[in-house]
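Notes follow the structure.
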Amino acid sequence: MGFSAMLDFMNKDSFSIEMKVRDYECDMQGIVNNAIYQNYLEHARHEFLHSAGLSFAELTSRGVIVVVIRAELDYRQALRSGDDFRVSVSVRQVSRLKIVFDQQIIKLSGGEPVLEAQITATSLNERGRPYFPEELKALL
Amino acid sequence: MGFSAMLDFMNKDSFSIEMKVRDYECDMQGIVNNAIYQNYLEHARHEFLHSAGLSFAELTSRGVIVVVIRAELDYRQALRSGDDFRVSVSVRQVSRLKIVFDQQIIKLSGGEPVLEAQITATSLNERGRPYFPEELKALL
Amino acid sequence: MGFSAMLDFMNKDSFSIEMKVRDYECDMQGIVNNAIYQNYLEHARHEFLHSAGLSFAELTSRGVIVVVIRAELDYRQALRSGDDFRVSVSVRQVSRLKIVFDQQIIKLSGGEPVLEAQITATSLNERGRPYFPEELKALL
Amino acid sequence: MGFSAMLDFMNKDSFSIEMKVRDYECDMQGIVNNAIYQNYLEHARHEFLHSAGLSFAELTSRGVIVVVIRAELDYRQALRSGDDFRVSVSVRQVSRLKIVFDQQIIKLSGGEPVLEAQITATSLNERGRPYFPEELKALL
């Protein structure tokens, strides 16, 4: 997806939250460590669940285990100390048991792309077998 | 410090920021992991520095290394998924080379105390010797 | 406790594990971030539990919630990329419901002290009330 | 890559290290959080650099900034408290400026696959422009 397509996408109807880099998230290169972006993406997905009336903690406590089975992350530009950014989320069902979260991170000042990601998830029942819980239909 | 004293203190003139628990900060007990509170406290201290015109990243890049030499943390009550909270910071100089940050965390709903901390810091020059940088006087 | 007293102590009969700094644990100052030391200490305590036949995960799943209520950490010297170190643990009961873990971190090369800590813990039953579970007696 | 192909691959000549899950790496589902696997992978890559006489910290301090530009992670099975696992790394050059690290995680008991990843990296010079530093040729 090109940059203008991405802006279109983000302006339309995806869910998004604003966050700010915290210094402990930066590593010895002075930039946000690679792994931290998965934290940002997860937090945005869980806030997206909340916006649809779903709590990840409550789902977990009821035995609905939503798991990531694949993550693709394209790092466009590093975030640094103090940067403000927006993380967007939209979701689509790609098979009977799988959903994909399309996510972007952009810097608030300038709107530069920071990261694009596709996160594929499914649910496991108590015996560890994949299924598609009723609850997740609220997202689609 | 008792609870009402703490409220007085927080209402008066300390710096504070609001944050929200992110699910990846919770451990298998379903509560925020002990170590994460130090992340919260550090982020609040660095935002406090910003409020005084100081950037931790910029200080670091100029060779002004501010280090924690002692931390005392009293955990009053655990934070859980989705909790909103406030982290406050005030500072006092306790010796020629040392400052102490007094910090509290309270839950936004109900104002219950979550954690109280005293974080002692000093600065090291390029040879690793303690000194008190001019810049930090802006905090006092 | 002075340095030679500490060495005596560590040589005698405390439990300890060896670990190595991982680069993602270092922050923009190029040293291990303050909060990470609490991770190291927790991991050593949980390995100590294992050495006494106790699993933190299993305790948690059975509803035995062991919580830290106070942490005192004295930072003597920073760890850096690649440093090997030893984390020791010993435990003592300080009241009917509280135990204290005395912990030290020393660098393997040279034996220099890195951190000393006293971590006070108790247990909460299902109603969130402190109690002293039978299981923890195995530690004492 | 199928499972038997993966075993062949790991038995042959890739670099690998053994690690153990630490409880603070587990989230409220009781399994290692998604983002933590990127920590494991990074640590294995940096140990791989060491095995070739390269230190990430030293490269960084000399201004050789190696950055991840794409990560693909396939999660096969979750790690849990106490699990021992092996992380392997091999590297190949895929274009004039890019290298790919092929990485796998398997459980030590049973050898079950946990995660497969392809991590694409490049280097940035002081002006933020990609280049291929002499030093990285030691890896190939």
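Think of it as A, B, C and D in the order they're written, each chain with its own count starting at 1.
The rule we apply is simple: contacts are C-beta pairs under 8 Å (C-beta built on N, C-alpha and C of every residue); 3 or more make two chains touch, one makes a residue touch a chain.
Predicted model, so just to flag it, every value in this text is computed and none were measured.
In this assembly, B is the chain whose CA centroid lies farthest from the centroid of chain D.
Two chain pairs are in question, B-D and C-D; the one with more C-beta pairs in contact is C-D. The pair C-D is the one among C-D, A-D or A-C whose contacts match those of A-B for more than half of the residue pairs. Separating the centre of chain B from that of chain C, both taken as means of CA atoms, is a distance of 22 Å.
Centre-to-centre separation between chain B and chain D, using Cα means, comes to 34 Å.
Mean C-alpha positions place chain C and chain D at a centre distance of 28 Å. In chain C, the residues touching two or more other chains are 23-24, 26, 28, 30, 33, 35, 39, 42, 57, 81. For chain B in complex with chain A, the residues that touch the partner chain are 22-24, 26, 30, 39, 42-43, 46, 50, 55-57, 61, 80-82. Looking at the complex, you find that chain A touches chain D at residues 28-29, 33-36, 38-39, 42, 57, 60, 65, 67-75, 78. On chain C, the positions that touch chain A within their shared complex are 23-24, 26-28, 30, 33, 35, 81.
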